[in-house]
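Below, chain A partners chain B and then partners chain C, in two separate complexes.
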Partner chain A sequence: MTFRSIKSLLVKTFSVFSLLLATQAFAGENHTPAPAGAGVEATATTEAHGAKKEGDFNVTETILEHIKDDHSWHLWGHTSIHLPVILKTSKGFEVFSSEKLVDEHHEPAIYKGNFDYKLIEGKTKIVDANGNVDVEASKQLWDFSITKNVASLFVSVFILLVVLLSAAAAYKKTGVKSAPKGLQSFMEPIILFVRDEVAIPNIGAKKAGKYMPFLLTIFFLILINNFLGLIPFFPGGANVSGNIAFTMTLAVFVFIVVNVSANKSYWEHIFWMPGMHWSMKLFLAPIELIGVFTKPISLMIRLFANITAGHILVLSLICLIFIFKTVFASAIAVPFAVFIGMIELLVAFLQAFIFTMLAAMYIGMATEEHHHDAHGEAAHH
Partner chain B sequence: MVVGSVAAIGAGLAAIGAGIGIGQIGKGAVEGIARQPEAANEIRSNMIVAAAFVEAVALFAVVVALLGNG
Partner chain C sequence: MLLEINPLVLPDIGLVFWNTVAFLLLLVVLGKFAWKPILKAINDREQGIEDALAKADKMKAELATMQSENEALLAKAREERATLIKEAKETADKMVAEAKEKAKAQYDSIVADAQVAINQQKNAALTDVKNQVGALVIEVAEKVLHKELSNKAAQETYINELAEGVKLN
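Let's look at the complex of A and B:
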């Protein structure tokens, strides 16, 4: 039963996103590495500018440039959206286009606002007249820029709002009892999947309803961002769920929800494990206390590492073309990249599922009722 | 061109560990399904979840290797 519902879900996600990926594969075959490759090509040329050496291609640098956050969002060729830079300094807020932070060769340039700003290793810093970083002034600098990840997050929030609100409106109109139709019938199995396979088995039918909004929110947020990250061109392409700050925020919320909803027996099991010898209790308390923190940290790193590794894998395969410096390498690289893309679809769903399930499991552990300690005692002896 | 070879060794070791781990999971799942074909669906979904856990540990190592490299 469990697997059948997973399977139907997977079939749905696959069918929708293989449509999207098909365009990627097509474009990739037409003129070697199109959308995903175009970015690589562009950066390859910019790097050639920087190094002043044609044919000098740094794979690690190119890949990391695509993985990390950026002030501009690449569209095609040499066209990209320059996102606004929002800075708060000791002289107040300041907003300007990120275009002004780079010169025509995509090298960092100095922008003269309230202070002189320059991008140093991707971070905006205040520099003095000689172009050296002003450490004291930079400490006052708060960067609230709409970066690529933030803009992508807006896109995903917009998609989620449209999809979920229209599904909710359909329920309002036709009621819960009638058969779902359209988008509603696409969303209903996913939501029921989260409820029946994730929330209820881990938290228990009685309390699951209380945590469903939280679980659904993290599930859909991770899922949509994972999927958008797989699309190599404009509306996607940002590495949001492969950004440690994003996953950390989610993990912090899980940490808060778990520990706020924790009951007495949860804390008792951490600080004074029942059914143990007192020396063992003393020994276990610090370990269990560390466990409270390592659980959300492992959630954070798991999502970050999985998504980032997937992106690196696809990019390295595309980079093979530039390493071998021949178009014919794409005969191997492109099908492989498509294949990995398919696996990444599975991973995108799986990671959203795993994150939600572990969050539900931690909540379940924290809210579990121990009616009497007798069973614990019996189990331990 | 032997650059960042230590990180590569680390990533390789992580791949060995994950390979052993996922192999064990697959072995267990196939044996379980052979013994109880009616529980195949449940076993398979649990297998996927367990494999994701093992894979995540390998990816932790890959991240560490990458950070060490950079």
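Let's look at the complex of A and C:
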């Protein structure tokens, strides 16, 4: 019986990959008993939570907790940073520490500000006196909190600014004639890679320079957040590039840049494909128009899914130890987790490259000069 | 309930907002203070390398031209030297030949002169000898004839006849 339950749990754990679009209700079903004090996070949480969580170890919940955003940033043991909550309601802005949204057992508590706030499944909601969600008032609630992801994003911005500005300063100091040194020589190949392998082949040498700052910024922002996400402890540990809001924002920027820089012939090829019969043109227009939106959407989902899947995979392997309820499982779980970690390093670079590459390709397609060569175009679309 | 969206794929407005702020900040700050100087420096360096290579190629070509010019010059110099040597040799030969000819002519003339002088001296000597012999003969003959010829005049006439008759050569 125990073996069966372990087996079914394994299946459920690995099915988490396909759970990206699954329902919360389904996730809630994955309850399985586990011994007290089990789980990476669980060790910390169960002790702190005391009676309530004791005896419970929910793999899905543990994994999702690591992947989701949070109002506090766990440092070590029982220490964590309580990040500020910034709310915009019908009564204006309100700022308070997220510490006030949890009680001494780390359970959601009601904070009485302009309204009564409570965390419901990780999201701040307005509740009434009985603790029930006030749906109408919550619709007016905008949560601009500095969450773990936002804080991690700021850390990555800070690192990028320090690293790249000092690299730029090195160019000013040593001049053009001398060979790059130190940090400068580490950044230059990456910048050259983006220029020579991403921008120029897709956009063309003439126009590439104009889009280089945009592509480089996107590339480095994704890269640093992918890497920070792989570090399991502070200042990493957040899952910024595996968050749909992050990838969506970048995809929207790509969408704006592509469509703003698009030339006349690009729009012509979307709405009235040249060299086709008029009926075909009518047929192609809606398809091409959908393509305008699916391109950035694919960017958004690709990065989100890849990074999230990697995190889930590593966490699942670590969770195997707690599923098997024996420390010997780590003999398999840890090497595998290290192996997947190595692959994740590659994926971190690869996904940053692919995002930038496709962004450059979309820009290239939008700015390409067409020479009324209908056959050549067919290959592009 | 199954159609309810997983919160993982529901973007939080907070992160969207802060990410927009962060990205725009990065784009502006890095664009102005990092990407622009770095890309410019890289371009400048590449341009510099390209220029240097082009210059090196040009120098090489120039060097090759100069070398071929040098060789041509050298060949010309060699030719000139050969001509000069040839001419000098010819002149020397000519001078030697002339000197030889002149020497020969001088020798010839000296020999001729000497012969003439010898002949003259020989003739003079012969004449002298002839005269002395004549005188001796006369003396002898006088002495002889003195005994035989009492008439001195007749005797001299006779001796002169005899002397004329003697062919010296």
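Everything that follows uses one rule, which is that the second predicted complex is superposed on the first by the 316 of 381 C-alpha atoms of A that agree within 3 Å, B and C clash if a C-alpha of one lies under 4 Å from a C-alpha of the other, contacts with A are read in each partner's own complex, and residues count from 1 in each chain.
Convention: a residue touches a chain if its C-beta (ideal position, glycine included) is under 8 Å from a C-beta of that chain, and two chains touch if they have at least 3 such contacts.
Just so you know, these numbers come straight off a predicted model, no measurement behind them.
Engineer: Quick check for you: in the superposed arrangement, does A:60 touch first (chain B), second (chain C), both or neither?
Structural biologist: first
Engineer: Which of the two partners, first being chain B and second being chain C, lies in contact with A:154: first, second, both, or neither?
Structural biologist: Second partner only, chain C.
Engineer: Tell me which partner A:308 touches in the superposition: chain B (first), chain C (second), both or neither.
Structural biologist: In the superposition, A:308 touches chain B and chain C alike.
Engineer: According to the stated criteria, A:354 is in contact with first (chain B), second (chain C), both, or neither; which is it?
Structural biologist: Touch partner of A:354: chain B, not chain C.
Engineer: On the A-aligned overlay, A:289 touches which partner chain: chain B = first, chain C = second, or both, or neither?
Structural biologist: Neither partner.
Engineer: Contact-wise, after the overlay, does A:144 reach chain B, chain C, both or neither (first, second, both, neither)?
Structural biologist: Touch partner of A:144: chain C, not chain B.
Engineer: Between chain B (first) and chain C (second), which does A:162 come into contact with in this model arrangement: first, second, both, or neither?
Structural biologist: After superposing on A, A:162 lies clear of both chain B and chain C.
Engineer: Which chain, chain B or chain C, is in touch with more residues of chain A?
Structural biologist: If we count touched residues of chain A for both partners, the winner is C.
Engineer: Same chain A residues contacting chain B and chain C, which ones?
Structural biologist: After superposing on chain A, chain A residues 64, 304, 308 contact both chain B and chain C.
Engineer: Taking the complex as given, what residues does chain B use to touch chain A?
Structural biologist: Contacts found on chain B: 4, 40-42, 44-45, 48-49, 52-53, 55-56, 59-60, 62-63, 66, 69-70.
Engineer: Under the touch definition given earlier, write down the residues of chain A that touch chain B in their complex.
Structural biologist: Touch residues, chain A against chain B: 1-4, 6, 60, 64, 298, 301-302, 304-306, 308-309, 312, 350-351, 354, 357.
Engineer: What residues of chain A sit close enough to touch chain C in their complex?
Structural biologist: 19-27, 64, 67-69, 86, 121-123, 142-147, 149-150, 153-154, 157, 160-161, 164-165, 167-168, 171-172, 176-177, 187-188, 191-192, 195, 209, 212-214, 216-217, 220-221, 243-246, 248-250, 253, 304, 308
Engineer: In their shared complex, at which residues does chain C touch chain A?
Structural biologist: Checking each residue of chain C against chain A gives 1-20, 22-23, 25-27, 29-31, 33-39, 41-42, 44-45, 48.
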